[in-house]
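Across the two complexes that follow, chain A remains constant while its partner is chain B and subsequently chain C.
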Partner chain A sequence: MSRLYVARNPRVAARSLDGEMMIMSGRDSTLFTLNRTATILWQSADGTTPLDQIVEHRICTEFEVEPAAALHDAETLARELASHEILQISEEPIPPRTPVAGESR
Partner chain B sequence: MPELATEVDRLSLVIEIGGMPVRVFTTDSGFLAMLQDRYAGFITSSERAEIEFDVNLTPPNFPDPDAPVSVTHHLGRWTLDRGDFRAEWEPSSRTGWIRQTANPYSIDAVLRIVHTLVLARQGGFLMHSASAIRNGKAFLFAGVSEAGKTTISRLAPPDATLLTDEISYVRKQSSGYVAYGTPFTGELAKLGENVSAPIAALYLLAKGSENRIDPLPPGEATRSLLANLLFFAEDEELVQSTFHSAFEFVSRVSVSRLTFVPDARVWELIG
Partner chain C sequence: MSELLLEMSVKAQKLNIPLSVQLDLTYRCNERCVHCYLDHDDHGEMTTAEIKHLFDEMAEAGVFILTLSGGEIFLRKDFFDLLEHARRLMFCVKLKTNAVLIREREAARLHELGVESIQISIYSHRPEVHDAITLIPGSLKRSVAAIKFLKSQGLKVIIANVLMSQNMQDYPGVRALAAELGVECTLDPTVTPMMDGNRSTLALGVDQSALRQVFRDTALVGDVAEFCAIPTPAGEDEMESTPCSAGHTACYVSPYGEVFPCVQFPLPTGNVRQQRFVDIWRHSEQMNDVRSIRLKDLTTCPSCSHAGTCTRCPGLAYMEGNMRGPSTQDCEKSFARTGIPSANMLAKKAAGASPRNANLVQIRPLPVSIGTSMAGATA
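And now, the complex of A and B:
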């Protein structure tokens, strides 16, 4: 089974307030408030740490949850966040995105 | 030899909202008179203008008059489109044009959009809220339609100066946030006073069985603020800027829920 890598989309605005992570899509200005699990996933999504390691080292240590079930839930969550373009997901490590000079929509 | 061209008088006026003068050129004296009436109190004699718009009046032949607003940025130029107008604005040259029919609503929408774009880069915003000055301080009353913006405005006591019953103008300054009066009206159809004051509080309106003020936790305050901001641009940089401005505002201005019964006693809690 292939590994999944996740990275924060640099094109969204994100801010944590009193432990609550709020994210606004730069595409359509939709506001998302992440729950604790999604916040951990977002904060750990560096593009180079595989999702199964994030689950093992960050999620299973925080919540009493069986690793296989936690990984399944994390994958579902990651794909949902990716559908809103909050996260990027790939079966390969995701290199940091370098802004292109003069880039504009 | 006959004249090949006839010189047309180019008329203009300056509409100053939120301290930002915008000069509007037109060749139609009737349209100019309509603007003078529509923006009474916000017309200045200032020679200085931060933006200049040429208004080209056209017959009502837009292909889709009900098309929603679209605001896009490309190569340093903003394009504003809606079913009843098309406009372009180039910030570097401070000039633009508006093509519309001779009505006050289209240019009003263009002005609102342009002000949101300018304010977004300066940490300010336009917001769905009534606002008023009392005892030298400005108070904002935010909420969606039917939340009570018009009601709270109508109940304002004589010593309160109404800035708007619909769209508040918030500018960030070094000392804090300042609210300005606007000509953008709601159901009250009464222009705000063209004055400003430091913002003391933002209230999220809720109708209830008693008058009370409940502080909001920062997260809820920020979400509520963001939900009430006017923002039109499909532009990631400005979306991010506005998002962070909302957090900054909540960190510096008291945000509470104001539950009220619709009578004048609610103003005993304000100011």
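And now, the complex of A and C:
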């Protein structure tokens, strides 16, 4: 099975509010809030760390969850966020996009 | 405001986080609008490095919505450099501009940088009226051309139409122009006193009869009977409520680094050239004073029949001399809506004063600021 890479879409606006990520879509200004797991995924989505490593090193260490199930859930979540143009997903590493490469805070 | 953004605002207020900031990048302008409250001379604007540092501090403090305004923002030669830095920090960036300097190239760059929206001032659909307000011949033509460039990039554009006696009859034409261009349109009948306390601009505002006309236009207010209904008395929850977001989840920063609760609330609270933004936000005595105000604490308003529905602006009240007092312009709006005079209007009538003759504060420099023009106020 091929690896999946995830990157924050630089066209969105984002800020952490008390540990919860607020994301505004660059497409239509729709506002989303991410739960703790989705926030970890967002913050780790640097385009170069594979999703399975994010799950292993960031999600499984934070939550008591079986790695295979966690990876399945993370993939579903990543695809959903990508459908809203919040994340970019690819089977290849995703280089930072110019002119703006977002810094997550 | 969306339900989710409202929810986030409530959370931000509880956590004392400045969710939204307006920064005026400059007071310089290429138009000379008759109602403008600004001094257009440059008294020492923040440098590129200072503004970028401020953006860093704001992002750390939790600011999410950053509105860049002026003056005319495109007069800053470093505008796109600043915008790029702001977007790198992932602010939701909104712009306010007259758009005269926006061409295809600028519109394309704004699209690339992911600006959320661009608000453009349009006073009339007729050049002879719009240009007579901006005092720049050809300004309507250039602003409308810019709107088309921005729309062609898929950007969200909002026309802001300030209502004055000079353009009062043209708002349906502006709305039609907005519809034709495929953009939103907002209408605001509020004219603000000038920063130096000069109140001559107030004479440009619309009168009671014009306000009544606007508030009874179904195209603007929807259900007129509901919008103009006789107000119900304020309940206990309303008496405990805060007036608006100024100082609670929002504030304003001038081109000289001065921080105020709102662009329309010139109470100086500190300067980012001397203190960290977050320290001013959290610890300024003046900011905390603003935060402490509840409806029940106001001088005249708690007994007013409009208390529960009034749009009272604490900044306009401050400019009348008391931020805990009434705002005459909002009293006039409540009266125009319902036909019922406010407690403030009745008190002034009893005292024989005209509401428009209310003494306004003079705005004086902050003792701590560096060579600037706007700041401290005394009654």
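By our rule, the second predicted complex is superposed on the first by the 99 of 105 C-alpha atoms of A that agree within 3 Å, B and C clash if a C-alpha of one lies under 4 Å from a C-alpha of the other, contacts with A are read in each partner's own complex, and residues count from 1 in each chain.
Simple rule for what comes next: a contact is a pair of C-beta atoms (placed from the backbone, for glycine too) under 8 Å apart; a residue touches a chain by one contact, two chains touch by 3 or more.
Remember, it's a predicted structure, so these values are computed and weren't measured experimentally.
Contacts of A:94 after superposition: neither chain B nor chain C is touched.
Looking at the shared chain after the overlay, A:18 reaches both chain B and chain C.
Annotation for chain A, partner touching more residues between chain B and chain C: C. Judged by the document's definition of touching, chain A residues 11-13, 15, 17-18, 22, 24, 26, 29, 31, 33, 104-105 lie at the interface with chain B and also at the interface with chain C. Within the complex formed with chain A, the chain B residues making contact are 72-75, 217-219, 222-223, 226-227, 231, 234-236, 239-240, 243-244, 247. Within the complex formed with chain A, the residues of chain C that make contact are 2, 4-5, 8, 11-12, 15, 17, 19, 59-60, 62-65, 84, 87-93, 112-114, 116-117, 156. Within the complex formed with chain B, the residues of chain A that make contact are 11-13, 15, 17-18, 20, 22, 24-29, 31, 33, 104-105.
Listing the residues of chain A that touch chain C in their complex gives 10-18, 22, 24, 26, 29, 31-33, 99-105.
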